[in-house]
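Here come two complexes built around chain A, the first alongside chain B, the second alongside chain C.
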Partner chain A sequence: MIVCVAVVGHNNNPLYLQSFIDDDNTLKFHYIVHCSLDVIEEKVSNSKRAGVNLNETFLGLLYPTEDYKVYGYMSNTKIKFVLVTTDQDSRDADVRNFFRRLHAAYVDAASNPFHVPGKKITSAVFAERVGNIVKSFGAPAPA
Partner chain B sequence: MPGGAREVAESCVDSLNMELVATYCKRLHPTKPDLAGRRIEAIGYQVGLQLAERYTRERPRFTDHLESIKFICKDFWAEVFKKQVDNLKTNHKGVFVLQDNRFRWLTRISVDALPTTGAQNESAVAANAARASQAAGQYLYFPCGLIRGALTNLGVPCAVSAEVTTLPACEFNILVLKRVE
Partner chain C sequence: MRASLRPSDPAVSPAIERVNAELFTLTYGAIVRQLLTDYEEIEEVNKQLDTMGYNIGARLIDDFLAKANITKCTDFRETADVIAKVGFKMFLNVTATVANWSADSMECSLILEDNPLVDFVELPETCQGLSYCNILCGVLRGALEMVSMRTEVKFVKDMLRGDDVFEIRMKLLEQMPEEYPYKNDE
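Right after this comes the complex of A and B.
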């Protein structure tokens, strides 16, 4: 079950953070996402140094905490998407698909001429799209 | 989602461009061409930011500045202007020159030629060229902003200027700025 989705800008400024459980503890998610930013930086600079030109946008599982798993994705424009989930066995393909759709929704939200680049995303349409993507995450694969 | 993207006639883009330049340069700031140019360039900057976001969606990340500039020359140019840049020159020290021999947004511009008599032919031709590049230069503010916005979003801070050689060919000069830590 997805518990939190976050979008972070290229200066590590938060653009969007939404939690999907009825816990009023969004601060905890802010903290988790903030820690994961360090892991993302390390992964990106590591892949540069190791000579492995892993220029993948999908960064995979960042780190597992006691009851959450955190996945990361960084776009070409240094926008980072972070996904926090409690699933014990999410499939890689599912998570990649999720990030792809999230990126598409973000691009549409950023193309809004009233959106100021660098400020938080306030579009209700974006929030709704993210909600839909989260709802259809982990739908059982067709037999 | 139904398939098929929505389309807009290209004449709308042409008209919008012409009106943009006319409004800023003649109506709003007739006495301050530099200010008008900066305003137009700022609009282009924001659009460039958003377009870069959209066109790099599915691609893996770029390794260095040259890759980003090549992306601009090929894919970005092809999406916006339906062709690729004709020539890319660099001095490997952060200066890039993009040459487009038939810049799409300049193809509809022509400048009234001064009447040329036999004796003054060369100077008249030179004067014509100068007037052409000055008049057309206003239409290049927006593309300069476009390039600057796109490159900045890809992590290449830069300054972009343009000049018209002979209509409809033009050159864009990109100067990559060193980031001050």
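Right after this comes the complex of A and C.
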């Protein structure tokens, strides 16, 4: 089950963070996401040094904690997407697909002329879309 | 990416150039944003959009008449139909429905279910009074004035404010007689 989704801007400023469990401990997720940024940075600079495919946006599993697994994705504009889940064995394809849809939702939200780049995403439509993407996570892709 | 904006309708001349829909939408969004920053007051922005639209419409009508292959309209009903079916199709690639005629055929509604101007757009709390697409009203008013119809055009339903469609109310105020700029004996 997905417990938290976060979008982080290119200066590592939080753009959007939503938790999907009831105990409403968003601070904990802020902390987890914050930690994951270091891992993202490391992964990116490592892959740059190794000269592997720079266009790869999916960063894979960033790190496991006791309860959660954290996945990352970074767009070419250095917008980071972080996914925190309790599933111990998510399929790679599912996670990739999730991030692709999240990225698309973000692009549409960023295209809103009333959205200021680098500021928090306040759009209700975006929140709803993220909710739907989270709900359909792991389900077979719609035909 | 969506397909380009202009139609491939045989009724419309194939020589019409097309523009990418997103470029168009984002450009319009940028204009509205800039107006909001410049004028600060929502009412003033609505007025400016209308004026800009008027200036566009006054020029666009010639382009429209040159390319649309239509004949002179006999009454306001026909005019409304042409706007809805040919005009909107030609410039926005959507078709409007003409509805809600008043008893004296002087007033009608153009109903748009889809509007490329508002893709991506969500009005923030602070801009609830903004008529985001007000430029369309201006365009219609300007264009009709150039073919000697003085009209009053305004939005009565707006999807950005939670309505289910866009409804533009168009009211014919008067048919201006065609005047020649010179007298016969000059």
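In this text, the second predicted complex is superposed on the first by the 136 of 143 C-alpha atoms of A that agree within 3 Å, B and C clash if a C-alpha of one lies under 4 Å from a C-alpha of the other, contacts with A are read in each partner's own complex, and residues count from 1 in each chain.
As a convention for this text, a contact is a pair of C-beta atoms (placed from the backbone, for glycine too) under 8 Å apart; a residue touches a chain by one contact, two chains touch by 3 or more.
Quantities reported herein were computed from a predicted structural model and do not represent experimental measurements.
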Chain B versus chain C as contact partner of A:43, first or second or both or neither: neither
Partner chain(s) touched by A:28 [first = chain B, second = chain C, both, neither]: neither
Touched partner set for A:74, first chain B, second chain C, both or neither: first
First, second, both or neither for A:120, with chain B first and chain C second: neither
Touched partner set for A:101, first chain B, second chain C, both or neither: neither
Contacts of A:111 with chain B and chain C, given as first, second, both or neither: both
Which partner, chain B or chain C, touches more chain A residues: B
Common ground on chain A, meaning residues reached by chain C in one complex and by chain B in the other: 111, 113
Touching residues on chain A, where the partner in the complex is chain B: 10, 48, 53, 55-57, 74-79, 100, 103-104, 106-107, 110-111, 113, 117
Interfacial residue positions of chain B with respect to chain A in the complex: 46, 49-50, 52-54, 56-63, 153-155
Interfacial residue positions of chain A with respect to chain C in the complex: 108-109, 111-114, 122-125
Interface residues, chain C side, partner chain A - complex: 22, 25-26, 29-30, 32-33, 119-124, 127
